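Each of the next two complexes has chain A plus one other chain: chain B in the first, chain C in the second.
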Partner chain A sequence: MIARNINQPLAVFLLLVLVTDVSAARIGEIIENDPWEQARRFFTFSDPGLRIGLSGALLFGATCGLLGSFIVVRKMALIGDAISHAVLPGVAMGFLWSMEKDPMAILAGATVAGLMGSLVVELIKRTTKIKQDAALGIVLASFFAVGLCMIRMIQNNDGASRITGLKSYLFGDVAVLDRQDVVTMTGVVTVTVMLVILLYRPLLIIGFDREFAHSIGLPVRLLDGLFQLFLTFAIVVALQAVGVVLVSALLITPAAAAYLLVNRMHHMLWVAAAIGMLSAVIGVFFSFLGSNLPTGPFMVLGASSVFLVAYLFAPRHGRVTRWFRHRSRRRDVSNENTLKSIYRIIEKGSADNDAGSVVKIESLAGERRVSKVDLFADLRRLRRVGAVEFVDQGGDVMLTEIGIQQARQVVRNHRLWELYLTNEADYASSHVHDDAEKIEHFLSEEKVAEIERQLDYPVVDPHGQPIPGRGEA
Partner chain B sequence: MSNASGDEPALEVHDLTVSYLRRPVLYGVDFAVAQGSLVGIIGPNGAGKSTLIKSIMGLVPVSGGWARVFGGAVKEQITKVGYVPQRESVDWDFPVNVMDVVLMGCYGRIGLIRRTGGEERVRACAALEKVGMLAYADRQISNLSGGQQQRVFIARALAQESEIYLMDEPFAGVDAATEVALITLMKEMRDAGKTLIVVHHDLASAREYFDMLLLLNMRVVAFGETGEVFTGELLQQTYGGRLTVLSEIADKVAKGEG
Partner chain C sequence: MNFHRIFVEPWQSHAAHYWPVFAMALFVTVACALIGNYLVLRRISLIGDAISHSVLPGIAIAFMMTGSRSGAPMFVGALVAGVVATVIIEVLHSRSRLKQDAAIGITFSTFFAVGVILISIHGAHTDLDLDCVLFGKMDFLPGREPVFLGLPGVTVTMAALALCVGLLIIIFYKELLLSSFDPALAASMGINPRLVHYLLMAVLSVVVVGAFTSVGAILVIAMLILPAATSCMLSDRLWVMLILSVLHAFISSLGGVHIAVALQVPTAPASVVAGAGIFAIVWIVSPRQGLISLWLRNRRSDQVAEA
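Right after this comes the complex of A and B.
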């Protein structure tokens, strides 16, 4: 019988399990067909099965986030995946040992299998020239295969009653969690949180600079072993709800999202834990809401959604955030260029550049070399900040006091930078304009003051034009 | 008990041999460094310079010989030895700031689960000030230039307050200003009685930087005062093709046994 299973293609086997699993048990006994009613029941926690599922989800979500943070920054993602697959034979052994779903026996069996997997990886790495990634790949697949065979054996020998419990380890189902599972989880989570708090510094140092950690006498191997042990625990407690195939995603994705959001390791730990909990709850919610939906995939999708949000909207590196920042920067530059053009027109007209000199929109568009439409966009923004005023319907404008000061500053930056390049960097005066066009928008107050000092407070730029003073500003 | 001022050499290496996959990379390395020396280790690529200081630190297994610090095993004197790895050996996107990294240097002396406190912070600030990086204490390390990264590594070593420092290519890929600042600092440290052993890649500057040189090419070609060993003949021996026989034999040994 076993031989037949081995001969069957793995994909067919997985498909069969998946199909049967989808129609398996769900959280709670009463099934409401109205999703709103289900949602209400979710948020009022009126279902005892749901309460257990939720507390379990919060617990392993937090653990996975905490430990996952170290995995992500140490580039150990594949190790989490390997351990989660390698524990499967141990889970089956735990079942065989007690012939029922005893969380402690399963935890023990899975831990032994996980550690054996790690040992085999080390053995392959040390005795051959095969590197870590390939060694992990070999161990991951072979342990997983052994686990699959064992599970099928148990299912064949042992009536249908216990099949559900075992199958949940493959694809995950919160519904099978019971009070005893949650007690085990609470224990594991408490110890893990304590481990991370107490050993935060050493783990941080090992993660950042392993050789240095060795060199200051930290027990690197012991700490690595300890970390891997707790990683195995965390994987095993999450296994039933998320499943072997997807559990590593719950380790990696929340932590990766946190990595995008914050810059310090200790912040990352708590953010990752929070995202892990959120993902787990999202998974429970959707599996509770819909009919016959598996929990594991929804938890992973929850985590992936959070990751997507972080990818797009992270405060500093998010794609959308960056796009907005660039746009606002472009607008600032464009505004400053328009101000500068108004100033230059007034200057050319040799009028005393007071507030009040009116500039025609046509001459401004000519000076600025942009279309009237773009120009109006600039001018409207400038009016909003009180830098210009429209004189009439046609769009003729004049600078306000604020506008004059801003314009003087840009022109000043431009001409100072031109002078700086010609005097200090030996640029030809005909080559400095384009450079100054860019730099003028980015010079800080301090830099300007420094340049001025270095140039001994000049009054004329290389083209003979006056550098507006800061006096009236 | 401080034996730092006795007759014991700060560092003594005896017949140190290191193999990688049965292929010897260092043969019978012997040398002793007196306290308060600034020693440069130079040699061609693949000469085993990094391997030498890593094996002294116990980071790579040795197949023979030993290294002692002030007469004791390195393991027992770990707080007296500071190690500065190559800058490229770490991930500079790691989520820590400059202060976090320098505080790692204060860690060796406080137990496994104690947290760093105000005293360590003061020490870290002093170290940062010495390398001119105090203003960057809160800066994310991913935003540092190569020279600044190296300064942070040196600050971390300073915070260790060790007696001997083993530095792996601290001048590799840093700007000229940083190079000057670091060698000045190293000379100050030497004058304060510290012992520095520095892997260096640039022959031209090696002569003016170091009091003593260790010319290395899988074995010690020469070790002594810079003026004595910085000779054309010895450098030719170190960098020239004369050791091809040695590496050929090493290859044969590896293949013969493999």
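Right after this comes the complex of A and C.
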């Protein structure tokens, strides 16, 4: 008993770490299938059902990515969620209509229900003082509850045979896709892509500035309606494979990842479509490894992992990339400050040898006001770029030719800026040091030349110290 | 005959079955309705949805560890998952270009997906399955031995929870009111609006987790919002709204039980359908914001314009 209690958390932990492995092992027990064998079958595309599932995944992944981009930039993410829940009664109605899985009837029913959902949201917002968030919540949950009741009634009447068909609409099952579904999808995707290409500019304008769109005479409400219609189509198309509950994630997450990766809308559209396809394929892969698991959650996790990678490593906005950028900038600043300190020690004539060029690490640490360890890190980096040379093991250093040039430049920037602030901006000379301390690292060559010209080529700064010239040795 | 089966029999021959179901529905909807008023007022209704989705992996893991659908471990698991999700939303929203809606959407769908996968791997033939997530299991509550007034333990707990929420609202009525309508004024009077917000979120998570067993993860948003939305069409005063939303909760849970009997569906979605029905009726006939009075007003102003 005790052993069992100890083992259970461990089992849960393993389950968390190795979700895929455990599920695969479980499937292996049932259908005697090796996960490696399944993976091999996946990558050789030998299974005809898999080929259909994959092409479907590619199609709706692309559609969701395309339309999701507009949703993310228009801050409509939760509207997508509401519509996707609202289609459920339509699915049930479509099912009742033909009493079997007829994709056209279900598509039609779901589209009508989705549009009714967004219509009711609009109506509530317009006629009452209920705000958008509550209106979305009302429609989402009420429609969903009606759909659940209808599904349960269908199940009661028809017994278990039809349950599997309907269940896939809730959490998604890519295995139920057949050739006819893929044909329907292809149609919807083609029309959606055409819509996005044809109406790209108006949709973009509406997305960013509705007032402006009105003022240049765009039919804003018509375009909004059209967009809602195609949004509903996209949701309905992805419904069987992803499920009502999670389909909105496939709209939001790939587009949000693309939003972090690129800056321009038309790039975002294609990147989002590609990420959508990738997420869908990841979902198909994992649910193929374990055939009785719902597909939708795996697609969502696929999209979320892509999003996480984008969040961390996006070239401009990624957290990790930014951290590295900041670190390298901090190091540059620190290096330049060390060079400057060496220069000033030499300038003051307090260098530690007769020729006046070698600086002891102790006096440098005193001048720089940092610990010897930090200073050593700076000096090693500076030696690597050839700016300083170590004279002996103890850490006494001297500047090389390159080092002298760099140090002069920083000191020059600093003193010119101090002079500029006192002369041109009327700062007191006692208040200019801190500002110059910051800006000295970021002044460009041209800016410095311009300041110098404006100050008529000065030779001393406000504190009476000489400003080193550019070319002097 | 049919009338008899739907409206009378539940309270005669099956009272022992339907009384606890109705009581559970009532306590869940009352607790949700009370706190829902503040969500609607503060325009953060969908936070309730996000929380109820995000706690799923915590609940699933706690269930796997203990094998039971009630009790403290589930609360702890749900609380941890909820807090982690909230932190992630905050980080995504404040440390990147993403807007809040997208951050919420991504986070809660990811958590929910993890929960669904855990449950479908582990819970195929157990007490916690995907049906429970969708429909709730109000009709099959665990621990059916009655402990008080013929009610099982979980129902009594839920009743206590609803009572606590009610008491908290009575005690902190002024603070909640002020910080919901005018955070700046509240702050100037020494009420910390952020603290109030976080306490509200904490109570909301407790209510959502308490309701999970009986209404699942998705329908709870209806129980939170429908009563408040209905009552805000009838009154402008917060205390009237609170009372009306409790009334809405009572009617919808009673109606839910009967709809469930009539259509043979689970009670949780049935009471949401009942609640939505009440909302629709009020929306149509409400004296000030109703569709009929709106139509009458429009017609009158048209006539005035013509005359």
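We adopt the following convention: the second predicted complex is superposed on the first by the 428 of 473 C-alpha atoms of A that agree within 3 Å, B and C clash if a C-alpha of one lies under 4 Å from a C-alpha of the other, contacts with A are read in each partner's own complex, and residues count from 1 in each chain.
Just so we're on the same page, a residue touches a chain if its C-beta (ideal position, glycine included) is under 8 Å from a C-beta of that chain, and two chains touch if they have at least 3 such contacts.
Since the structure is predicted, the reported quantities are computational estimates derived from the model, not experimental observations.
S.K.: Judging by the criteria at the top, classify the pair chain B and chain C on chain A as clash or fit.
M.R.: After superposition on chain A, chain B vs chain C: fit, no clash.
S.K.: Just checking: does A:211 make contact with chain B only, chain C only, both, or neither of them? Give me first, second, both or neither.
M.R.: After superposing on A, A:211 lies in contact with chain B but is clear of chain C.
S.K.: After superposition on the shared chain, which partner residues are touched by A:39: those of chain B (first), chain C (second), both, or neither?
M.R.: After superposing on A, A:39 lies clear of both chain B and chain C.
S.K.: Looking at chain A, does chain C or chain B touch more of its residues?
M.R.: Answer, by number of touched residues of chain A: C.
S.K.: According to the stated criteria, A:391 is in contact with first (chain B), second (chain C), both, or neither; which is it?
M.R.: A:391 contacts neither chain B nor chain C.
S.K.: Between chain B (first) and chain C (second), which, if any, makes contact with A:75: first, second, both or neither?
M.R.: Both chain B and chain C are touched by A:75.
S.K.: Go through the superposed model and pick first if A:127 touches only chain B, second if only chain C, both, or neither.
M.R.: second
S.K.: A:170 in the overlay: touching chain B, chain C, both, or neither? Say first, second, both or neither.
M.R.: Only chain C is touched by A:170; chain B is not.
S.K.: Given the touch rule stated above, what does A:259 touch, chain B (first), chain C (second), both, or neither?
M.R.: The answer is both, since A:259 touches chain B and chain C.
S.K.: Going by the contact rule set out at the top, does A:301 touch chain B (first), chain C (second), both, or neither?
M.R.: So A:301 only meets chain C here.
S.K.: Now for A:145: first (chain B), second (chain C), both, or neither, which partner does it touch?
M.R.: Once the two structures are laid over each other on A, A:145 reaches chain C alone.
S.K.: Quick check: superposed on A, how many Å separate the nearest Cα atoms of chain B and chain C?
M.R.: 6
S.K.: Could you tell me which stretches of chain A are touched by chain B in one complex and by chain C in the other?
M.R.: 75, 129, 259
S.K.: Going by the contact rule at the top, pick out the chain B residues touching chain A in the complex.
M.R.: Within the complex, chain B contacts chain A at residues 21, 54, 57-59, 75, 78-79, 81-83, 85, 89-91, 94-97, 100-101, 104-105, 107-108, 112-113, 115-116, 140, 156, 160.
S.K.: Contact residues on chain A for chain C in the complex?
M.R.: Those residues of chain A that touch chain C are 8-9, 11-12, 15-16, 19, 22-23, 26, 72, 75-78, 80-81, 85, 124, 127-138, 140-142, 144-146, 148-149, 152-153, 156, 170-171, 245-246, 248-249, 252-253, 256, 259-260, 292-294, 296-298, 300-301, 304, 307, 311, 317, 319.
S.K.: What does chain A use to touch chain B in their complex?
M.R.: 73, 75, 129, 198-199, 201-202, 204-205, 207-209, 211-212, 214-219, 259, 262-265, 267-268
S.K.: Applying the document's contact rule, which stretches of chain C touch chain A when the two form their complex?
M.R.: Against chain A, the touching part of chain C is residues 39-40, 43-46, 48-49, 61, 64-65, 92, 95-99, 101-102, 104-106, 109-110, 112-114, 116-118, 120-122, 130, 134-135, 218-219, 221-222, 224-226, 228-229, 232-233, 259, 263-266, 268-270, 272-273, 275-276, 279, 283, 289, 291, 294.
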